[in-house]
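Have a look at the structure that comes next, please.
Chain naming follows the written order as A, B and C, and within any one chain the residues start at number 1.
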Amino acid sequence: MLTFLLVINIAGTAAFAISGALLAAKKKMDWVGFVFIGNVTGIGGGTLRDVILDVPVFWLVDWYYVVICSISAVITYFAAQQISRKSNALLWADAVGMALFSVLGAEKALSLGAEIPVAVIMGVFSACLGGIIRDVILNDVPVVFQKEIYITASLCGAITFCVCYGLLGIIDFYAIGLGCVVAFTVRAIAIVTKLSMPAHKGLQ
Amino acid sequence: MLTFLLVINIAGTAAFAISGALLAAKKKMDWVGFVFIGNVTGIGGGTLRDVILDVPVFWLVDWYYVVICSISAVITYFAAQQISRKSNALLWADAVGMALFSVLGAEKALSLGAEIPVAVIMGVFSACLGGIIRDVILNDVPVVFQKEIYITASLCGAITFCVCYGLLGIIDFYAIGLGCVVAFTVRAIAIVTKLSMPAHKGLQ
Amino acid sequence: MLTFLLVINIAGTAAFAISGALLAAKKKMDWVGFVFIGNVTGIGGGTLRDVILDVPVFWLVDWYYVVICSISAVITYFAAQQISRKSNALLWADAVGMALFSVLGAEKALSLGAEIPVAVIMGVFSACLGGIIRDVILNDVPVVFQKEIYITASLCGAITFCVCYGLLGIIDFYAIGLGCVVAFTVRAIAIVTKLSMPAHKGLQ
């Protein structure tokens, strides 16, 4: 189980980093920009979660996450064209990562004694903040605020897990699984049906 | 006194959150964007203050602040048009919030043993950083850097409080009151007289 | 030695703050914007380093750094034209600051027990993040990601120091000196030869 989680964790982190590096490619950055944006996207959300929870930032110890993000970014530098043609595969890897991080982020917060609403927020932070910081650095208004059903999916997964584990007392194995399935399903439906959130019609 | 402070605190937080959500409306975001930007504006400044002071982030315990910001944002989503017509009321609620946060932020820092210059900075952070982060995420150059007499008002209030309480030893009740009055008055004069800061004439 | 380091430290911080304030001048900000951006550029990198390492943020105690940045920013407000004519002097002062911060940031992390890869990252954070945050706030895509050989120079210096001090056990005096020389030399070559990083050719 632990090995399985670790593998998904790494795959999800790499998918995040690659999506960041692809944006760096669009902005015609150099390799330093690729590596920086790759890391921000891959581990930025978890970093902010840990800073706000005031626990040691995870990659200070497990610094192989930085290595994974950096390698993913460098590979993307040399193979951006080919990778961007596989954007569908990337989209699904990203969805798996999002689902997992939403639940594991919430689980980390609960295990540190956070209350349920805070744990839900931390799950969403883990999954979504990296991408938001990436967009802010690259001067795009974050797409997750405008139409993509992404934070919503993350929220559904984190809430499902927190209710099952924190309120109903379901054991963590099943609660994590259920939370991931819910987050992934919501996101998958959005991807397949190209459903998007209704944007506000603005102010006159 | 405490209840009174709490009520202003909540009203100020809601005013901040609504001002953030109105900007989200201008950018035609979805409800997730409204809630996120509302929270960033309402509690972002205090979050950064607490992270830098290395004390528990206030909304990890008092998570009703997140609820207040989220509800304010959702109401704004459905009533943006009507609320933006009351922009005058909002401007004044925001001024009250700014005055209070400037002083209470400084008070929190002093009570944690910070020196006076640091406490002044923390007061300004509490009052102004949420709006700055909001503008950065939404890709606007923060208006408080260009002409609005806002940070200046916050600075006056925080300095007044710190001098009265930290240097002159005036009891907190009066020092807080005086600091709030100074911050609010400076801001009120700027609003009423439409006074603005002289912008730098730039470089040739 | 300590006095010498302190003097360079202050000079480097001031150079950073002035470079930030010059950008504020270009954006026609008011004096509040100058002071804020000056401080962000001068002490933002070290602040994030300390927050992530979870140690007290350095300017909470040594708040004269804030004073240095603020004074530098105010002077720049009144003399932006003259200072921008000396942009060459500024470029070199900035290079000295970058070299020093890269090494001292890494040294701080190592002395706190961080592993070498983490220490290298913290060195680069100390030297480069302030400028990145400055660009993000001012809505520019950070120039250090697009062509400037700046983070690369910082990286070379931090790695040199960490290898010498952390791996080879060379005493800190020489390791610090060597790291600074390497970082400065790489940056100096880039400045003199106008060498720049190859940007990615983008996506079709």
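As a convention for this text, a residue touches a chain if its C-beta (ideal position, glycine included) is under 8 Å from a C-beta of that chain, and two chains touch if they have at least 3 such contacts.
As the structure is a computational prediction, the values presented were derived from the model and not from experiment.
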Equivalent-chain rotation between subunit C and subunit B, CA atoms, steps of 5 degrees: 120
Query: If you list every residue number at the subunit A and subunit C contact, are more than half found on both copies (same) or fewer than half (different)?
result: different
Query: Using mean CA coordinates as chain centres, what's the subunit A-subunit C distance in Å?
result: 30
- prompt: Hey, what residues on subunit A touch two or more of the other chains?
  reply: 51, 54, 136, 139
Task: Over in the complex, which subunit B residues touch subunit C? Could you list them?
output: 51-54, 114-115, 117-118, 121, 132, 136, 139-142, 144-147, 151-152, 155, 197-204
- prompt: Considering the complex alone, what residue numbers of subunit C touch subunit B?
  reply: 22, 24-34, 36-37, 47, 51, 54, 56-57, 59-60, 63, 66-67, 77, 80-81, 84, 136-139
